[in-house]
């Protein structure tokens, strides 16, 4: 019920268009990049998907992170802008479930944006690498890995957005974190798994021994930020 | 004739530009924007100071460690953080007006909306100048720290550092005008911010194409890269190609501001 | 002499008519009560006077000036309080007034003057987002009164105030024409309020002006038309109901 309610609240706020638009923008990256530099890529000896991911995922991941930042800002901005949140607080509804309702809605739409990107990568693979065989299953696994890598970023950003009533503060924090995350080097395994840095990891580039620890680390962080939100919801009456 | 008399009268009592800027500065009190401008400047230089030893491994491109420290550190700032801070500031300037309808009160006062729009744009540039100042201050803090850690003088002269920062600062003006126009035209703040942020991300690619002069979002990064090209071999062009950047930049700035000032407040006075 | 006049003033939002061919006459130095139920077009008319929205057709003059000569000369004459008072929540009461003061080019003392006048002196250093509804309303009023403008446009100025506050603000408004030599246009959906405040009254329903004249004339009109004249509140209700019934009949036909 909460999920349906959260979706309803987002009517006419541009929430779905922003995820569609963001997903399409990120999906355009491999199309444009491969179309412009076809020779550079088609000459490479590797499989098509690793080539495409190596060439494009950095930009696509950053666009997706920014999309998550904007989405989280918007979903809480609609609560705070006309004091809808205040009304919600006075209703007999569990605050925590409201947060997880928002989490599910954002996750669902992030999935939508990622599927658009997957489709575009598959198209690029088929269209520009006609001589090579495509491993679709590998591609889908890779995108499944990306959604797990995005989870901590999404949860932390949603937590941040719930903290600030002024949107420029949540947007500013999100953008600064995006900036810092993009500077973290890949070779540092633990650092590279923190929110805003983890989404740049690619399944084919992670050594098979580390894959399960990457996934575990991201799931643990997601729970951790979820718990932080619950603690915040239960203690904020003390501060405000 | 009647019009000129009216406008002459309005000059007398209505507010001048300086006064309007002062008013805009009052409005952003307690907005915490200071921290949003300060934190990236600090966060950028501390890690590069701690990792300063990498600057000694640049023999293959023939750059001096102190120059490498300065340019590499500034790079993240020029391509992403400065444009992003610009976007956050546009959101700030718009949202302070829209929450609680302060803007409606402004519109019912005898102020020229175009002038008001221009004052806000100048405040935007002022906030960016503050961030550049922070960047320079923390560059020196970082360079001193790195010098202490590595026993090597990383500190560059002030005219060089300030000159580099000033070039980057001037290069953001066309982009600022463009972002400001989008913020005025698009009522939903997340939309305008999202579009602007998405336009910043590809600037790293655009700067390497021949189309770079037509993409104002990459100007600051371009400025830094030419500086890189001067200090290192075979990295980037060594001279700034002013043509056709200058006319494009001028046109973008003038057009962006013109559209913004004409459309400013129109949505509220349908 | 009329300081504000409207000539066939009309405002449409799409196919919805908010104000319909209205001819208002507001005499200088009077308090003019603008009366009508919610959604009658009171706020829309006031917004047109302030240039916050443009008329669809017709025009108005304020102190002999029309919109075609620019908004700014008109706005210089007007102090205004518009629906749910507009302000900057992150600023204190004084800072909010300071913004208005700077734009109008007034001396610093004018802030203390209006704070005193509206009874906000002790709350001046608090952030406005922490104000109560009544305090926000008083701040809105202070923002209108600052600089003693010759015309005041007040949209439901006693909204959200307690009975003591209502009385205070009412006496303040009542005293303004004599004190500052100004004209006041004040709107309300309560006739009892207008009866105590205004010299003249204009009654609006669904964007149309049903009646305009002095309070005395309203009483005469009521007794002639067969409305209960001893209780003006009932007169008002009866007028609105008759008009609504006529409109329905018109739609039906």
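Labels for the chains are A, B and C, by order of writing; each one numbers its residues from 1.
Operating definition for what follows: a contact is a pair of C-beta atoms (placed from the backbone, for glycine too) under 8 Å apart; a residue touches a chain by one contact, two chains touch by 3 or more.
Source: prediction; values computed, not measured.
A.B. asks: Quick one: most central chain, C-alpha centroids?
C.D. replies: Of all chains shown, the one whose C-alpha centre lies nearest the global C-alpha mean is B.
A.B. asks: Quick check for the class: compute each chain's Cα centroid; which one is farthest from the centroid of chain B?
C.D. replies: Computed centres place C farthest from chain B.
A.B. asks: Taking each chain's centre as the mean position of its Cα atoms, how many Å separate chain A from chain C?
C.D. replies: Inter-chain centre distance comes to 50 Å.
A.B. asks: Could you give the separation in Å between the centres of chain A and chain B, each centre being the mean of its C-alpha atoms?
C.D. replies: The computed centroid separation for chain A versus chain B comes out at 27 Å.
A.B. asks: From the C-alpha centre of chain B to that of chain C, how far is it in Å?
C.D. replies: 44
A.B. asks: Quick check: what residues of chain B touch more than one other chain, meaning two or more?
C.D. replies: 31, 99
A.B. asks: Tell me, which parts of chain B touch chain A in their complex?
C.D. replies: 31-33, 36, 39-40, 43, 47, 76, 80-81, 84-85, 87-89, 91-92, 95, 99, 188-191, 193-194, 197-198, 201-202, 205
A.B. asks: Across the complex, what residues on chain B touch chain C?
C.D. replies: 2-3, 6-7, 9-10, 13-15, 19, 22-23, 26-27, 29-31, 96, 99-112, 268-270
A.B. asks: Under the definition above, what is the set of chain A residues touching chain B in their complex?
C.D. replies: Residue positions touching the partner: 13-14, 18, 21-22, 25, 29, 33, 59, 62-63, 66-67, 69-70, 73-74, 77, 81, 166-169, 171-173, 175-176, 178-180, 182-183.
A.B. asks: Can you check the complex and tell me which residues of chain C touch chain B?
C.D. replies: Checking each residue of chain C against chain B gives 50-54, 69-73, 75-76, 78, 80, 82, 84-91, 95, 98-100, 102-105, 127-129, 143.
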